[in-house]
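What follows is subunit A paired twice: with subunit B in the first complex and subunit C in the second.
Then we have the complex of A and B:
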């Protein structure tokens, strides 16, 4: 067979194989095992120590483009917090849809629990200015968000009366695309000392390891794998989570199911890389002869 | 005056947060907080500035019938409709139609665009990832280990060794390299800021202000 032809294989063949590889696990899930890693356990174990007297801030710093990787993370973390009855403050710093992501995920998860808005959780909405509102919340969260996402005054909410600034927050979790997750680590953790964890897309994960290793972050969830590991920890630890993820409509949306697709596509890409290199060396050898 | 006043303001506003960071006095921190509040307001002005720029450049494109001008009409229509319902929604911008368009139009469009990446990445990896020299071979080996470490198959094939190996690459060589990049970028940003504060770098004043 002509090596040159194999080396420059029609890209449509690659597209077709990737499409088939992605479709098969969607139609028939494989259920591959998930092994949690230390960066994910870091956040899970921290939240596992929190209770009703504690508060966590979740910043939705991503848009629809990162939805498949970060939505399962958001759902799993919110479920963990609500199971442990930790109070949750939701904000959005990312302008291209962060607040819409927050609304969708909060609506989806909060209805699974018996919660009171303004007491157990609050959605403060979007604030423009990036680092400026993040820094200003170190003084007063109410001053930055005088009204919630629906325009209701926050000074009437007991949660905002009790949680004044970062001193009253145990962990800030940024579900981030782009640079905003880094700001939470290098600005808010450094200046206010609040624990920070980041959930990010797989492509952004490498840069966060520097902050994780330096102790500026307590946990890191990288891409769909990070989300699936968190789901696994949650399912193993809490029967109510097992019940939730056992529902067919939730199982379909879970990162554990998504990992089947990612696994097959990764294997296809690796196979193509190995095949391409084999053909490359075969061509070089034949040219030398 | 047109040059001196902005330079003076830049110096004062630039120096004060640095001063406040090291001086834990109530009056200083109160004023610094006030500056942070102003920063939120000033940052908000960047949005209309961007909109004006975008509208201006696309109107010019339509007028001159430049290549792809019909797309500019779609862009301006989308911008106008979303902005209209955004403003109608009040402070947080959540008119039901705004949210409807976001969920049913913006979200699927972005998801479609980014889902195509899987196909392009597979094709590009096949064509570009070649062990042409030692550096490329090291990169290739690290990439395959990390890719296998990110999926359960890797551990199934190696008896659970792939995830720890992949984590080692991420936490040791990768973190070290990332740290170098971050520190380098931070030093560059700090030196640039010092140049701006001290009035050495003046390009932000605009053309003809020097």
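Then we have the complex of A and C:
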């Protein structure tokens, strides 16, 4: 066969093979093993030390475009916090869908537990301005969010009466696409000293390792891989989590199932990289002759 | 409405997903329709969310409930309105005042953020011990050599030849490893997005149709 033709194979053939590779595990999951890594364990172990007297802020800094990677992360972290009975404050700094993601995930997870809104958790909604509201929450969370996502006054909520600013928060977790996760590390951790962990899309994961190494972050969940590792830790540690993720509807949405797709498609891509390089060197060799 | 046992919203979602995926074959009107719809809806969503979650609770409601107690809120409100004066040529200069306040605030925040949160922390983390012991020493040497060689690569005040050229070339290798890691993660992210859409098409759209 002509090497030139093989080297310049129609990209749509590659798309088709990737599509087939992605569809097979969705239709019939394989169940490949997941091994948790230190950056994910960093956040998991921290939350494992918290209890009902502690409070965690989760910032939904992503929109629907990052949903497949960050929704499983959000669900797993919320479940962990609610199992440990940690009080949760939810905010959104990302404009295009952050608050919708927060509403969706809180509705999904909160109904699995016996929780009281305004006491055990609160959804404060979206605030415009990026770093401005983030910094202002260091003085007063209530001043930045006088009303929750549905317009209810927050000064009547016991959770907001008890959690005044970052001094009363044990960890801030940013589920981030783009740059907002960095702001929590290099602005809020640096200036207020509160522990920060970031769950981010895989695209932005490499840059967060610098913050993790320098101690500006206590944990990092990079993309679907990070989410699957967190789910694995949760399932291994808590029987109630094992029961939740055992339900067929939840299993379909889990990151562990998604990692089957990742693994198969990665094999296809690696095969094409090897194939492309082999053809390139074969062509060069034949041209030399 | 549930045609073939599936809510109409899921049908619309599936149709728009297929419109976007059709670009993989080639550019077409269905793709451009879905793309334009997405851009328009994003803008509408943004305006709605800012009005409901920021302007109403932080500006309109406090002014309505206690006008004189919150009278200072009129200043940011006026600055916000002034930004739109640029569309009226006779008073366009007023927009610059609001813009100056906006830029001044964020330059101040960014300056401290970068200095305090990035430069100081990251510089401190680069000054590592070469006597840490065992594998840590090796990693610390790699960090030190990597930072030094990459900095040399971006040093443009002298021609990159001789010793400088060799160190600069080493810097390129470090950069290439970094780009490789980023590329690998990017593939992972894109596959996750593809998986999300396929999972929706198979589990939320097609399976209920087949079983109905």
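Here is the rule we use: the second predicted complex is superposed on the first by the 289 of 289 C-alpha atoms of A that agree within 3 Å, B and C clash if a C-alpha of one lies under 4 Å from a C-alpha of the other, contacts with A are read in each partner's own complex, and residues count from 1 in each chain.
One rule holds for everything that comes next: a residue touches a chain if its C-beta (ideal position, glycine included) is under 8 Å from a C-beta of that chain, and two chains touch if they have at least 3 such contacts.
Computed from a predicted model, the values in this text were never measured in an experiment.
Visitor: State whether A:277 touches subunit B only (first), subunit C only (second), both chains, or neither.
Guide: Once the two structures are laid over each other on A, A:277 reaches subunit B alone.
Visitor: If you stack the two complexes on chain A, which partner ends up touching A:205: first (subunit B), second (subunit C), both, or neither?
Guide: both
Visitor: Applying the document's definition of touch, where does A:251 land relative to subunit B and subunit C: first, second, both, or neither?
Guide: Neither: A:251 stays clear of subunit B and subunit C.
Visitor: Have a look at where A:183 lands relative to subunit B and subunit C in the superposition and call it first, second, both or neither.
Guide: Only subunit C is touched by A:183; subunit B is not.
Visitor: Quick one: classify A:14 as touching subunit B (first), subunit C (second), both or neither.
Guide: In the superposed model, A:14 contacts subunit B only, not subunit C.
Visitor: Per the contact definition in the header, classify A:23: touching subunit B only (first), subunit C only (second), both, or neither.
Guide: Only subunit C; A:23 stays clear of subunit B.
Visitor: For A:225 in the superposed arrangement: first (subunit B), second (subunit C), both or neither?
Guide: In the superposition, A:225 contacts both subunit B and subunit C.
Visitor: When the two structures are overlaid on chain A, which partner does A:135 contact: first (subunit B), second (subunit C), both, or neither?
Guide: After superposition on chain A, A:135 lies in contact with both partners, subunit B and subunit C.
Visitor: Is A:97 touching anything from subunit B or subunit C once the two structures are fitted on A? First, second, both or neither.
Guide: Both partners, subunit B and subunit C.
Visitor: Go through subunit A and flag every residue that touches subunit B in one model and subunit C in the other.
Guide: Dual-contact residues (subunit A): 15, 18-19, 22, 65, 67-68, 97, 99, 125-129, 132, 135, 144, 147, 149, 151, 202, 205-206, 210, 213-214, 223, 225, 262, 265-266, 269.
Visitor: In their shared complex, at which residues does subunit A touch subunit B?
Guide: Residues 8-9, 11, 14-15, 17-19, 22, 32-35, 37-39, 63-68, 97, 99-100, 103-104, 125-130, 132-133, 135-136, 139, 143-144, 147, 149-151, 202, 205-207, 209-210, 212-214, 223, 225, 259, 262-263, 265-270, 272-273, 275-277, 280-281.
Visitor: Note which residues of subunit A are touching subunit C in the complex, please.
Guide: 12, 15, 18-19, 22-23, 26-27, 65, 67-69, 95-97, 99, 125-129, 131-132, 135, 144-147, 149, 151, 183, 185-187, 189-191, 201-203, 205-206, 210-211, 213-216, 222-225, 252-253, 258, 261-262, 265-266, 269
Visitor: Going by the contact rule set out above, which residues of subunit B touch subunit A in the complex?
Guide: 33, 36-37, 39-40, 43-44, 47, 90-94, 99, 102-103, 106-108, 110-111, 113-115, 118-119, 121-123, 125-127, 129-131, 140, 143-144, 147-148, 150-153, 155-156, 160, 163, 167, 170-171, 174-175, 178-179, 181-182
Visitor: Going by the contact rule set out above, which residues of subunit C touch subunit A in the complex?
Guide: My answer: residues 24-25, 42, 45-46, 49-50, 52-54, 56-58, 61-62, 105-106, 109-110, 112-114, 116-118, 121-122, 124-125, 178, 181-182, 185-189, 191-199, 202-203.
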